[in-house]
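The same subunit A turns up in both complexes below, where it pairs with subunit B and then with subunit C.
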Partner chain A sequence: MTVAAARARRRSRQLRQLVAAAPFVLPSLALFCLFVFYPLLRSIWLGFHATDPFGRREVWVGIDQYRDVLTSSDFRHSLLVTGQFALYTVIGSTGLGLYLALLVHRRLPGIILFRTVFTSTVASSVAVSSVMWLLLLNPGVGVLNYVLGQGGVPGANWLTDPKWALPAIAMTTVWMNVGLATIVILAGLQNIPEELYESARVDGAGPWSQFVHVTLPALSPTLLFVSTVGVIFAFQSFGQIDILTKGGPLDSTTVIVYSIYREAFLHYNVGLASAQAVVLFVIVLLLTLVQFVAAQRWVFYR
Partner chain B sequence: MGVRFDAVSKRFGDVVALADFSLEVEDGEFMVLLGPSGCGKTTALRILAGLEEPSGGDVYIDGRDVTILAPQDRDIAMVFQNYALYPHMSVYDNIAFGLRMRHIPRHELDRLVRDAASMLGLQDLLKRKPGQLSGGQRQRVALGRAIVRRPKAFLMDEPLSNLDAKLRAQTRIELIRLHRTLRTTAVYVTHDQVEAMTMGQRIAVMERGMLQQVGSPQDIYDRPANLFVAEFIGTPSMSFFRGPLRASGDQVAIDTPSISFALGPVQAAVARTAGVGEAIVGVRPEHIEWAATYGERAAAAAFDAQVDVVELLGNEIHATLLVDSRSIVARLDADQLVKPGSTERFTIAPAHLLLFDPATGRRLG
Partner chain C sequence: MKHSPLRIAARIVASLPVYALLLASAAVILFPLYMTVVDSLQPVTKLLTYPPDFWPGSPQWSNYRAAFTDIPMPRYMLNSLIMASVITLGQIATSILAAYAFSFLRFPGRTIIFFIFLSTMMVPWEASIIPNFQIIQRLNWLDTYQGLTVPFLATAFGTFLLRQQFMTLPAELKDAADIDGYGNLRFLFFVVIPLSRAAVATLAVFSFLQSWNQYLWPLLITNDPHMRTVQIGIASLQDQEVQRTNVVLAGTVIALLPMLFLVVAFQRFLVRGLTAGAVKG
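Up next is the complex of A and B:
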């Protein structure tokens, strides 16, 4: 058989495999194209155009809107707010998730009940959770101020005081995310072989040393995952802000996503909103890359 | 710096893992706890390590009651079956971990780690992570972690079971050498009787949570305390024949359904003093001889058997024989090639017969 014939045979085999594989790939490929790739490309494209008040594409303005976004103080403010929000929520939900997972990791009678309770927030929607916290945080009739008052601590106007609005929303978000964090970290904890702890105990390690030298290193990939997902969640948060504060007071809770929403659907400035969205996309992409590079150094994969 | 169990027991719910376990390991001795899985040997070791709390009884290390002490306060080192190396630490850090936990000054720590590493041939691997090591190397790191602390006792839980046969044989010899150099009390748990026989200065045979016999390997092989030890030790296993005693004058015979045994003077005396009406005779495979080679002189028993399966191992032959539909194994010399399917005559020498009391299972004499 000649080389050319062999090559042709191989090519026809590859073609047949492609034909066989296509029906399996097509549905998800179609969905991705429709809801991810097309909007993404469309946003980038819209970012280069100014739009009329009805959101219709009008004139090509090149990179003007991108430059406006990057130089505007409003955008920088919302970037700062988003950063703070991400910091609060990631540290809060990862830390609290780790704490709760450690609590329910032990084998005790009835522990399943606590595992269920601690992780149940996974099952509640953003809207329901937000409305619930709207009531809890209410300065007049809310439970939070009542409890603080009982303890002699003065309450706050959680959602109307610019100093407290962002922490209050972050607290709400931590509450919503901590269930997932707890589940994932608990699964990570249960994968650590018991022998490592026994060996450490025989070697003379107390509970703290065991935590530092056995638990944390073994858990580092899990913690990286939880914090990466936490950052992405934080940058995408919208529902709780829309329901609790609508970006206020004084823009103290205007995260980028809320700013995009306001620009596009309240001011009908779709072009500028698209430009913001693209910048946000690039920021999240960079952050994720940074986390994975950091992971090479700090995270131990077995 | 010996180790002592004093009437230690352990229950997990309704299951008795260890019952009234008493054992003294002398200073510097290599003691093997041997038994089938679930016999309580690992439980005993874990109680000694402090990883498990006994339900009753006391544990002493170096004369001190350590029953309620935490593992870190017992000054012992343990080698686990799966090595339990810290996967994110280098070999060096793994070996140094126990010393760091005890706040040993850095220069001394470095010297101790390098000493231990060179003793085990790990000098060139100190920077590697456990994931980059072979099974045998990991095993040595686990040993290094134990010896570097110079503990009062080494506890080892089936440390060779994850190695392949060849490496296991090598490591056995290394462990014997290591023990000869360090002279540290060692308690070694295994279900492998070859490990037990070759490494143990004494062996404690256990079954169902109870200590069956403690003795030197030779003792346990030649004078097993009861039927369990007799059957458990030795490959292929001992064969047993049960029958009533028949005395006529000085002669004592045991008539079993398949073979009749005429006891020699020593066993006859033993059988008489025991005053039992019935006995179980135990015969090791190597004590069954092919009459074609040795003749029948002075045999305790002679019988015809059909040769069923012949396994040639190179240096010896294991022949499975059918005696009245019972199958027993004989160990023959490599040149005694009996033919499968043929019927041959075999004899059993009187000196090696072991007699057991059928009621209690104990060996007579």
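Up next is the complex of A and C:
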């Protein structure tokens, strides 16, 4: 057989393989192209264009708009707000999730019931959670201020005081996310081999020392995963802001996605909003890569 | 005699402090839900009184009936049900097909295409939402079920989850199927899927939960009150219907219940998906 004939046969075999695989892969691939890749590229493209105040004409302004976004005090402010929000929610839900997971990581009658309760907030949507918390946070008749008052602590105008609005929203978000954190951390705890604890006990380690020298190191990839996902979630938050404060008071809760939404769909400034959306994309991309690299490097014990 | 009643009783007594912590924590976690249920059973005037009630004096169950008659909960629930079902079925179908190709078929470019799939997980939906809105607008799909569902019919997470499962099936199965003259579709439907029911169920639970709970997208592309999903419905009603907050809260509980059932009944699958999804963002 000649080389050319062999190559032709290989070609036709590959073609047959492609034809056979196409019906399996193309539905997803087509949807991704239309609703993920094309829109992403178009966001970048729109970011190079300024929109006039009536949202009609798009004028090429090149890189200027991206530079404006990155240097504008409004956008820097919303980055800062989002960063703070990420800090509050990640510390809150990872810490609380670790506590709850440790609490239910034991064999006791009825423990399944508590596991179910602690993980149940996964079911709650951002809209349902926000409507529920709106009630508790009401400064006049809400339960939170009442309970605080009983304890002699003055309450606050949670959602209308610029000092408290972001922490209050973070609190509702922690409640919403803690179920997820608990599930993942509990699974991490259950994956720690029992032998590690046995050898620690042989070495005379008490419960605290076991926690510090066995549990925490073995759990660190899980905690890292939960925290990074938490940061990514925070950078994508929108619903609780829209329902509870609409970005206010005094922009104290204007996170990035709320800012994008407001520019694009309330002010019709599509170009500026797109430039912000691209910055959001880059941030989330970097966070994902950090998580990926860290996960590789931190898989450590043994 | 490891499990004698006495031993168990002794263990429970020894664990009383732990139980106290467990109960206290459970009370804190459940408190927002509890208060919502209490307030959903109150007359609306009671919601505006101080101090707040922690127990409904005489539960007003008619609030729940009113949620179905006075506010459009049935329509909202129907819209959410249709949206979540279509997305779930669509994601299962596209993921099964793609995962099958990545696990059992050889074709040029397989690895590259798989990475293209994975890369979609790094694009936050919010970053591409403006062009997506424009696409749906241009297709005249605002206020339609197509608009609510079609952009979400493919999922890299689902494909990845199912591929992981398919890869655990022994290669001999495929060889045997080839010898028996099974085509790809027959092998997929009669061998692969029956052996992967748990993974498919995991994906189903995830897809349904996620799409039922969506907020930003349905908010953007529905204006017609008849096309609102239950999430957008209750969020806008709590803003507008101040005179009927108790009924809106009943609606909120109704919107949560199916998901609560899903999460409790299929907890096993949820844990599976989350731990497998340790790569997902």
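Here, the second predicted complex is superposed on the first by the 282 of 302 C-alpha atoms of A that agree within 3 Å, B and C clash if a C-alpha of one lies under 4 Å from a C-alpha of the other, contacts with A are read in each partner's own complex, and residues count from 1 in each chain.
Keep in mind that, in the parts below, a contact is a pair of C-beta atoms (placed from the backbone, for glycine too) under 8 Å apart; a residue touches a chain by one contact, two chains touch by 3 or more.
Computed from a predicted structure; not experimentally measured.
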Inset, instruction - Considering only the touch criterion stated at the top, classify A:Phe48 as touching first (subunit B), second (subunit C), both, or neither. - result: neither
Inset, instruction - Using the superposition on chain A described above, determine whether A:Phe75 touches subunit B (first), subunit C (second), both, or neither. - result: neither
Inset, instruction - Quick one: classify A:Thr288 as touching subunit B (first), subunit C (second), both or neither. - result: second
Inset, instruction - State whether A:Trp158 touches subunit B only (first), subunit C only (second), both chains, or neither. - result: neither
Legend entry - Contacts of A:Pro193 with subunit B and subunit C, given as first, second, both or neither: first
Inset, instruction - Check the residue A:Ser209 against both partner chains and state whether it touches subunit B (first), subunit C (second), both, or neither. - result: first
Inset, instruction - Give one of first, second, both or neither to describe whether A:Gly140 is in contact with subunit B, with subunit C, with both, or with none. - result: second
Inset, instruction - Considering only the touch criterion stated at the top, classify A:Tyr88 as touching first (subunit B), second (subunit C), both, or neither. - result: neither
Inset, instruction - Decide which partner touches more residues of subunit A, taking subunit B and subunit C as the two options. - result: C
Inset, instruction - Using the superposition described at the top, list the residues of subunit A that contact subunit B and also contact subunit C. - result: none
Legend entry - subunit A-touching residues of subunit B, taken from the complex the two chains share: 49-51, 70-72, 76-78, 80-82, 84, 86-89, 97-98, 101-102, 131, 145, 149
Legend entry - Contact footprint of subunit C on subunit A as seen in their complex: 14, 17-18, 20-21, 23-25, 27-29, 31-32, 34-40, 42-43, 46, 99-100, 103-104, 106, 108-109, 111, 114-136, 140-143, 146, 175, 178, 180, 183-184, 187, 225, 229, 232, 235-236, 238-239, 242-243, 257, 260-261, 264-265, 270, 273-274, 277-278, 280-281, 284-285, 287-288, 291, 295
Legend entry - List of subunit A residues in touch with subunit B within their complex: 193, 195-196, 198-206, 209, 213-214, 217-218, 220, 300, 302
Inset, instruction - Could you please specify the touching residues of subunit C with respect to subunit A in the complex? - result: 8, 11-12, 15, 18-19, 21-22, 25-26, 29-30, 32-33, 35-36, 39, 47-52, 54, 93-95, 97-98, 100-102, 105-110, 113, 116-117, 120-135, 150-156, 159, 184, 209, 212-216, 219-220, 231-232, 234-235, 238, 248-249, 252, 255-256, 259-260, 262-264, 267, 270-271, 274-275, 278, 280-281
